[in-house]
Amino acid sequence: MRWDDLSSAQFRERVNDSTLAVWPIGILESHGPHLPLATDAIQAEWGAETLARAVGAVVLSPMRFGNAVATRPYPGSISLPFDTLRAFVRDTLSEVARNGVRRILVLSGHLGRDHMAAIRVAATDVAEANPDIALSVLSDWEIVYEIRDKPPADYRGVPIPPDDSHGGMLETSRVLAIAPDLVDMRRAPTHIPRVPSPEFRIMLGADRTYPQGVLGGDASKATAELGREVNRIVEARLRRIADGLLKAP
Amino acid sequence: MRWDDLSSAQFRERVNDSTLAVWPIGILESHGPHLPLATDAIQAEWGAETLARAVGAVVLSPMRFGNAVATRPYPGSISLPFDTLRAFVRDTLSEVARNGVRRILVLSGHLGRDHMAAIRVAATDVAEANPDIALSVLSDWEIVYEIRDKPPADYRGVPIPPDDSHGGMLETSRVLAIAPDLVDMRRAPTHIPRVPSPEFRIMLGADRTYPQGVLGGDASKATAELGREVNRIVEARLRRIADGLLKAP
Amino acid sequence: MRWDDLSSAQFRERVNDSTLAVWPIGILESHGPHLPLATDAIQAEWGAETLARAVGAVVLSPMRFGNAVATRPYPGSISLPFDTLRAFVRDTLSEVARNGVRRILVLSGHLGRDHMAAIRVAATDVAEANPDIALSVLSDWEIVYEIRDKPPADYRGVPIPPDDSHGGMLETSRVLAIAPDLVDMRRAPTHIPRVPSPEFRIMLGADRTYPQGVLGGDASKATAELGREVNRIVEARLRRIADGLLKAP
Amino acid sequence: MRWDDLSSAQFRERVNDSTLAVWPIGILESHGPHLPLATDAIQAEWGAETLARAVGAVVLSPMRFGNAVATRPYPGSISLPFDTLRAFVRDTLSEVARNGVRRILVLSGHLGRDHMAAIRVAATDVAEANPDIALSVLSDWEIVYEIRDKPPADYRGVPIPPDDSHGGMLETSRVLAIAPDLVDMRRAPTHIPRVPSPEFRIMLGADRTYPQGVLGGDASKATAELGREVNRIVEARLRRIADGLLKAP
Amino acid sequence: MRWDDLSSAQFRERVNDSTLAVWPIGILESHGPHLPLATDAIQAEWGAETLARAVGAVVLSPMRFGNAVATRPYPGSISLPFDTLRAFVRDTLSEVARNGVRRILVLSGHLGRDHMAAIRVAATDVAEANPDIALSVLSDWEIVYEIRDKPPADYRGVPIPPDDSHGGMLETSRVLAIAPDLVDMRRAPTHIPRVPSPEFRIMLGADRTYPQGVLGGDASKATAELGREVNRIVEARLRRIADGLLKAP
Amino acid sequence: MRWDDLSSAQFRERVNDSTLAVWPIGILESHGPHLPLATDAIQAEWGAETLARAVGAVVLSPMRFGNAVATRPYPGSISLPFDTLRAFVRDTLSEVARNGVRRILVLSGHLGRDHMAAIRVAATDVAEANPDIALSVLSDWEIVYEIRDKPPADYRGVPIPPDDSHGGMLETSRVLAIAPDLVDMRRAPTHIPRVPSPEFRIMLGADRTYPQGVLGGDASKATAELGREVNRIVEARLRRIADGLLKAP
């Protein structure tokens, strides 16, 4: 069920305080020479739609603009200021709440630190103004990096190198599983080493360190099979989170 | 060519100062019991994609959130504050310009007065900061209402009543031509009279005057054929505007 | 009756919820070498005072600062940012409402697109916060351009060329009728052709196209007689609008 | 010479970097049952015009809206928020500077603490952005209260009680000298005692302490003669300040 | 009693609507080559602590950042923008009020015009939102300059030259009395003449007029004895102000 | 070396582009019935001063106001809005940079998610505007929680339960080591169980879950000895971070 496709009459008939709304947020950001600029959005939208089918949620219109100061210099990247993203998220969630929705999951395909902060600060404002709402905010990449760092017992995929990161083997695999036509494996970079940053330092200009736009890992080893396995675990985890929201008082 | 689908490498190879970027903006807003909430977005995105195919433009990621204070009370409508929409448009267009694009067409499917003002004020800010840009902002409904009020010589459709408006015969016909699966003609209201507003008065609460969400016209008379005829004229007009942008110095 | 001239005691005695307040807003903006910078303000203030005498309204203190990005480069022009004008109008109208006034007419002598948008967005905010108010916003030039494009049946003046515009024959005539001492007809430009702009394009820097500051028309053909005739029709129309406000529930 | 009355051509011919611009700012605020709401504006505009005649300055369009939180509750008072007044003054002075004016005197008829702070903070911003400007900000009441507290050697008027204040003998006398038709001496309150406020306390709601709107003094003792004497000294002092601005490098 | 040192439990037990909270605000600003950058903070904190001991008040955490545009160019000076200082003070005082405190004294060691305006405008906002609060805002230097200009009957110190100012004899003496280790009398400048500013002129760049950072007076004549005498009078005056707050209804 | 204690002359002599400035930021926030409201500030200031002694840094004036929405309901807590904290940090760091400092460590004693986001977003703005700066932002509690979760090889303290948190054994031990007079061990709560939150949920109102203000752990088991051991490791880690900043190009 998509919010956008419902008529106002259908919305009134089908959406109420027990409905879960899922909102996928992405970004247009370089992910190397082999992945589309919308890579993060594609994964978030896959997650939202998969989850909506599984638990009967309504998917709110995807939003493909986000914040990414450090990767902004790459061609095609679009980064909104922190305040603009935050106002946009806050005002949209406020409208969702005004429409009577009481269970909301914001799913970001992009895991930039300031990007997530903008969304969470916005969500906190909405939660303060609507104390009866159950509202969760996460990036599917918080789950994916958990899989990388500490694979769950039922993980059946290949071992994942600890430095696999933005645009690397995992991300390329996931997009291969979801939207293979948008991946050009001929241009996938082989292993890009992860360059350690000084601890707690504010770093900008990722293009100076990573000219190819992959921030660590070997994209050329990506497979749709690995992508499906990772996505399976992401989906299961999203379902648990959605169940929590659906059972909230 | 979709901005979102390009990799950063492809973007660098294919997008330059002679490229035209088209950005469709919609809204989620009640359009009566028979049309989807995304009705305006659907028309704007059709226009952008049709135009891009015709003239080789790049389509920027569609944006389906807008401003509509008067129709906000209908279920499912989402209205961003003026300032949030404006900041969003200003910052996105600034990023488009930072990426080297010099010819931009913003195409809004929604023709709300404040909505268009927010977009135009934002565009003016971007034009001031980028004096070498050619930038046009319009709603396809500025064209459609011209067709209604003064049909061009080559118009072949049925006569259009002067009070046909938001959600009426014309709009329903256009969506029938573009996305027929999202129209439920069984629920299309028959003639809704246009209620005259006091001149120059600031009016809110459209739902008090138009409980069904159609603001004038007979949606039940809509046909895909009429929609195609109107869309043909819209497309021709958009091409002339795009030609002007492509020829700008 | 002028708001400014009343004592607080008189205000309490004479102003109440059936009073109409009229607020003239102008701008300081070049109108060619023959017309004063306050040309728009002069016309709006004439309209407000004429109307107040006719229907017994109170005139709020005139405001002669507005927004005009495109004509800002001419010497003597003062253009406030959109936000400053909007905040000013919003906060002033809020105070008018706080003082118990329930019928308000904002009459702008300047018809710039962003200028009017700033005023209307401000007025919408005030209308949302004060649902029992009847509030109209217009420029007298919305009426004047109607006269030019489609003269009413009782119009007795000379034919008006369709390209007559800012600082041209109509505007010069109106100021000749209101404040002849401020017009220097010896410097009135003869016919300035109207240069077509690309459709829907955001245009800045009017001084590059119109070095004399008249944006179309033949100011040298202006007469006080024509000005009086146009003003007569403007006044009649303003009275109808005021009647609507006075009769609002 | 009035900025408003000049054409753009005259402005270019007559206004340059040796011109002094004077900007009178007032407020609409209760001054008792006998004085008009525009009392402060009337005095500031008199000062600006008198000074302009004396030293050949240009008078910028008067502004009659200001900030007055404590006296806001009286009928007819209009108080802009601090930020709105400040933005308005900052943006207007910036435009004055953009037009090439380098000597500016802002003359406020109202001496509210926050009102003056808003103007001075705005002026500081403009001075920082235009280091070559000579810019003074004062209220004529800073001069008048000096006369009250320590009359200059050439003062020829009656003794002034130390508690004479807003709307009292001095202010009423000044308006009697400038605009006698707007004063209703039959309603002038006799002696209103000045109620001491706790030191350094933030006080609001002046109407609770002073129901008549005069904040101290005996308005019934006012005379046009006293007003003229005070105005004479104010004018002389303004001329000295203007001379300083005209001689600034 | 220090707010910071209390546990939450102690706060609940000891702080209530009869408690006076004192908040010392300073600035980091050049005070000549002999006084520490925190000179103003040191005096304000001494005043707050002395007063708290005398009347049993709670001292809120000192704040050592303020606004000082004109003295900003000296090395080590830190000046917050007006808006940032104001928001900080407003939000902190709002929180103090939210915690149930109803008597507040804000004591600034710095007496910059815009600095005090920012604090007072902030305090006015808080007073409007909390009508039952008694709230005073002052700088101890408002008292010290009164002593200089009109010594009270019980003043026993040496005569004070009328041009003694920022960083001069009085200020140096006060810091000698409070924190002698932080004063380097070997570097104390001898008499710095006070340079008259044009009346009412907005002045920036104090370092151009006063390269040493003392804005008038003879710091080399400072003594701890004079500092103690001035501080004694300041303390007595602060007690009277605090008594007023404690007795407020 | 304390910024506050230096004179402007000393600042010019001793602070330059190789100087490291450390800025401790805390908060006033309930930490249970046994710890002072300034608990976080105390730890950050200890860290800053210890580090400054070790590596010769200058300590900027401590700031004891922060953001903590969830723990705001406890008596004595003061929480600034996100925007106010961010503006404060941004403007202060900008001033530090304007004074020529090129190596900055912001050390927050409080680890609230939005609090850290506000500081980091502010620091990012300053880093963008000053590309030659090396700037790190961290909370000492990022280090402490690492010790809890994965004690380093040289850790000699007692085992730390995984649910020890805000106000628990570790934090109480650290304050016992730094400022024992401010801890009241008689009121230290025994074991408070950590209540699991729904994953990724936005949670407010910590006082409903944790009435005592300790968010997990057994404060009654705290010892100064444990505090010293933890502080030793924190100090060593801070020195490594400072070394990185001092060696930055």
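A, B, C, D, E and F label the chains in the order they appear, each numbered from 1.
Please note the rule applied: a residue touches a chain if its C-beta (ideal position, glycine included) is under 8 Å from a C-beta of that chain, and two chains touch if they have at least 3 such contacts.
All values derive from a computational prediction rather than experimental measurement.
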Chain pair among E-F, A-F or A-B whose interface repeats that of B-C, sharing over half of the contact pairs by residue number: A-F
Length of the line joining the C-alpha centres of chain D and chain E, rounded to whole Å: 30
Centroid spacing, where centroids are CA-atom means, of chain A and chain D in whole angstrom: 59
Centre-of-Cα separation between chain D and chain C, whole angstrom: 28
Multi-partner residues of chain B (each touching 2 or more other chains): none
Cyclic chain order when read starting with chain D and heading to chain E: D, E, F, A, B, C
Touching residues on chain C, where the partner in the complex is chain D: 3-9, 11-12, 15, 28, 30-38, 41, 61, 63-65, 74-81, 83-84, 87-88, 91-92, 95-96, 99, 182, 184, 187, 213
Residues of chain A that touch chain F when the two form their complex: 69, 82, 113-114, 117, 120-121, 123-124, 127-128, 131, 134-138, 142, 198-202, 204, 240-241, 244-245, 248
